[in-house]
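Consider the two complexes below, in which chain A is the common component and chain B and chain C are the respective partners.
What follows is the complex of A and B.
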């Protein structure tokens, strides 16, 4: 009996998750509604006019990543929690290689996060009159920061999926894991808002890249033990 | 030269405990190809736990389980976790994806296993358990009756023509026609593989060649 390839199995898991999400729209609705509510609150409470010009890059960078982070916390744990709650996790364990499950779920979470970014970032920039000086750096920070968020959240979701207090456990485990990339992403966004050259943010990009590499590799190595026990 | 008789499943001194409470064991038994092995016992005796352990879904507290990695003669005996594609499992706490149609569910599991997921093969699998693939082509699984979902679980369990098929309460929620499907699935499976049935239902256990009571 031949073993399935990790890549084709992970694509099947990814497609299945997208199809399920398209039919229920549970995670997308939760993520986008939360993001929309926070954006409106931030825009109303802080707005562009209530902050001095020199403070704007710092405050806006922090607020942007707060919106992205809490939106991610709202929906990204669902990929595994839903499998456990609906009783489908055992069928998945018996059918797909662990690495393929993690990769497929990571891709699904990246797709969700991409949707959130497409919704949040333009609205945030418009609402807060947040101007970006170096777009390539800003986009790279968004990309690498999102990969870090998704990689760590997906792995944490697998850990908490069998726990009884899933929401609380997810926050407790994910927040310490996600603080380093969040701090780096905030700094990178601030630099992208103030410096016109990408060189100023190279250290941040290297840090984010290293974090993404370490977390994704560790998750791949540990996932089998986490998901099958 | 005498060869040992082939074995498709072997349990060696397996026990399972939750905390300090031992559920069962130590148990040792072997199941040969073409055999239907029944597991009986009162509620709470550990039938479902034993089936899950044999299928590699939970670990034994002590002892080990080995299953044949394929139906080929002389196939290696491996831990069930190392050869999940040789196993089929249907149980009350198994669920398939409610948002997908029956065909989409089976095609998904075929695809992640690296198998043929063509509509022709998938429809044949659905027909085999007495469901009409054309009628259910656009019906999401969550809208099926409990009995139809139980039949779909049988189709899932036998999707890859497993070496060992685990059936936990296979006739629950099934009418007489459904029970006949279970008997047919068991008869087909025993031709090349083996079946373990955990149940309290005497008609399910009547399909077994031998019955172990927990």
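What follows is the complex of A and C.
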């Protein structure tokens, strides 16, 4: 029997995660409920009417990423924390190479995050009357921003799953790694709300793309040491 | 070794005294700065430099730990991070005092202020992680992996932030024109201070190494006695 390739085993890990998530729907419901609660709070407290028209792009782009970031912090650590808590991490380690596990978990977190974005972004735009001037830029910032978010937090999740005080440590460890792409994504969103051409946001896209590449590579290389521990 | 060490220690102390004297009495205050505020450069910049240097040393030892799995490397990385956080706090405070004098506000979210806060966050998270793992080898592996991941992601902020806020910070030591624009007296004190702070860091660091060697040796002896 030939050994399965890294890609096919990572897809197997991804499918396994989707299936076990579908059975309980814990992470999905935690993420969506949290996102919904924050949206209600933000929409009620800030709303579209309380800010002047020229301040809207700045305030709204920050609030949108705060909602996305903290929703991610409530659910994305589950991929590894759950494996450690239910004692299945050792079996997972035996059944697939580390690279495939990281990739599979990253895909699972990306799927989760995509679901959150599909839920949060339209609601946010509607609740806050946040109008986007350049949709391609906005969508690209969302895509590249969430890839960076998922790549760094999947790696951080692997670290905290082996530590105590997992919930608190996850945000503490993830924030320093995620501050650069979040700052870039916020300003990219602001540019997408004010400028109609994509050219104004090109350097932001470059930065996000470079970050995604670097953080995924670093996580890929360091993951083996963390997960075998 | 011991004699030379003591000699060097006293020499460093003497140099530090001369630098403090030079910074306040010999070098002139630079033009374009409010009052005497430019003198803080002799202390603030070396502290910030040491904070980054400590971060680099911690990252190198983290990489060595993952390669060789020697607990000494882990202790060295943690020691450098602990010293780094001290110098990072000092650089933040001195920078903030300068900002108040120069721009009339303790905090402006200047790119450099933002990056030093991020560095503080990284050190804090790193030491927090060390506190959250009981078993030494696991702690070493996890914190080494985290330190390396932070080492590659933190520099992105240096590129992200200047696009958002324009910098009020004075030119870096070697400016965009590629020249050191300082008068000779300021330059002499400034670069001696950088050298002295670097030496101070390595002296403190060697003390920290010594302490952890002693602690490890003591623990080993205790174990032996317990076994006997």
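The working rule: the second predicted complex is superposed on the first by the 226 of 229 C-alpha atoms of A that agree within 3 Å, B and C clash if a C-alpha of one lies under 4 Å from a C-alpha of the other, contacts with A are read in each partner's own complex, and residues count from 1 in each chain.
Just so it is clear, a residue touches a chain if its C-beta (ideal position, glycine included) is under 8 Å from a C-beta of that chain, and two chains touch if they have at least 3 such contacts.
Treat the numbers as computed from the prediction; the structure is a model and nothing was measured.
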item	value
Contacts of A:69 with chain B and chain C, given as first, second, both or neither	neither
Partner chain in contact with A:96 - chain B first, chain C second, else both or neither	first
Touching partner for A:180 - first (chain B), second (chain C), both, neither	second
Touched partner set for A:23, first chain B, second chain C, both or neither	first
Touched partner set for A:13, first chain B, second chain C, both or neither	first
Partner chain in contact with A:87 - chain B first, chain C second, else both or neither	first
Chain B versus chain C as contact partner of A:229, first or second or both or neither	both
First (chain B), second (chain C), both or neither touched by A:130	neither
Overlap of the chain B and chain C footprints on chain A, listed as residue numbers	229
Chain A contact footprint on chain B (complex, rising order)	55-57, 59, 69-70, 81, 83-87, 89, 91, 93-100, 104, 108-109, 111-115, 140, 156, 160
For the chain C and chain A complex, residues of the former touching the latter	66, 118, 121-122, 124-125, 128-129, 132-134, 137-138, 141-142, 144-146, 148-150, 152-154, 156-157, 159-161, 163-164
Contact set on chain A toward chain B in their complex	1-5, 8-9, 12-13, 16, 19-20, 23-24, 86-88, 90-96, 100, 228-229
Interface residues, chain A side, partner chain C - complex	152, 155-156, 159, 162-165, 169, 172-173, 175-177, 179-181, 183-184, 187, 203-204, 207, 210-211, 214-215, 218-219, 222, 225-226, 229
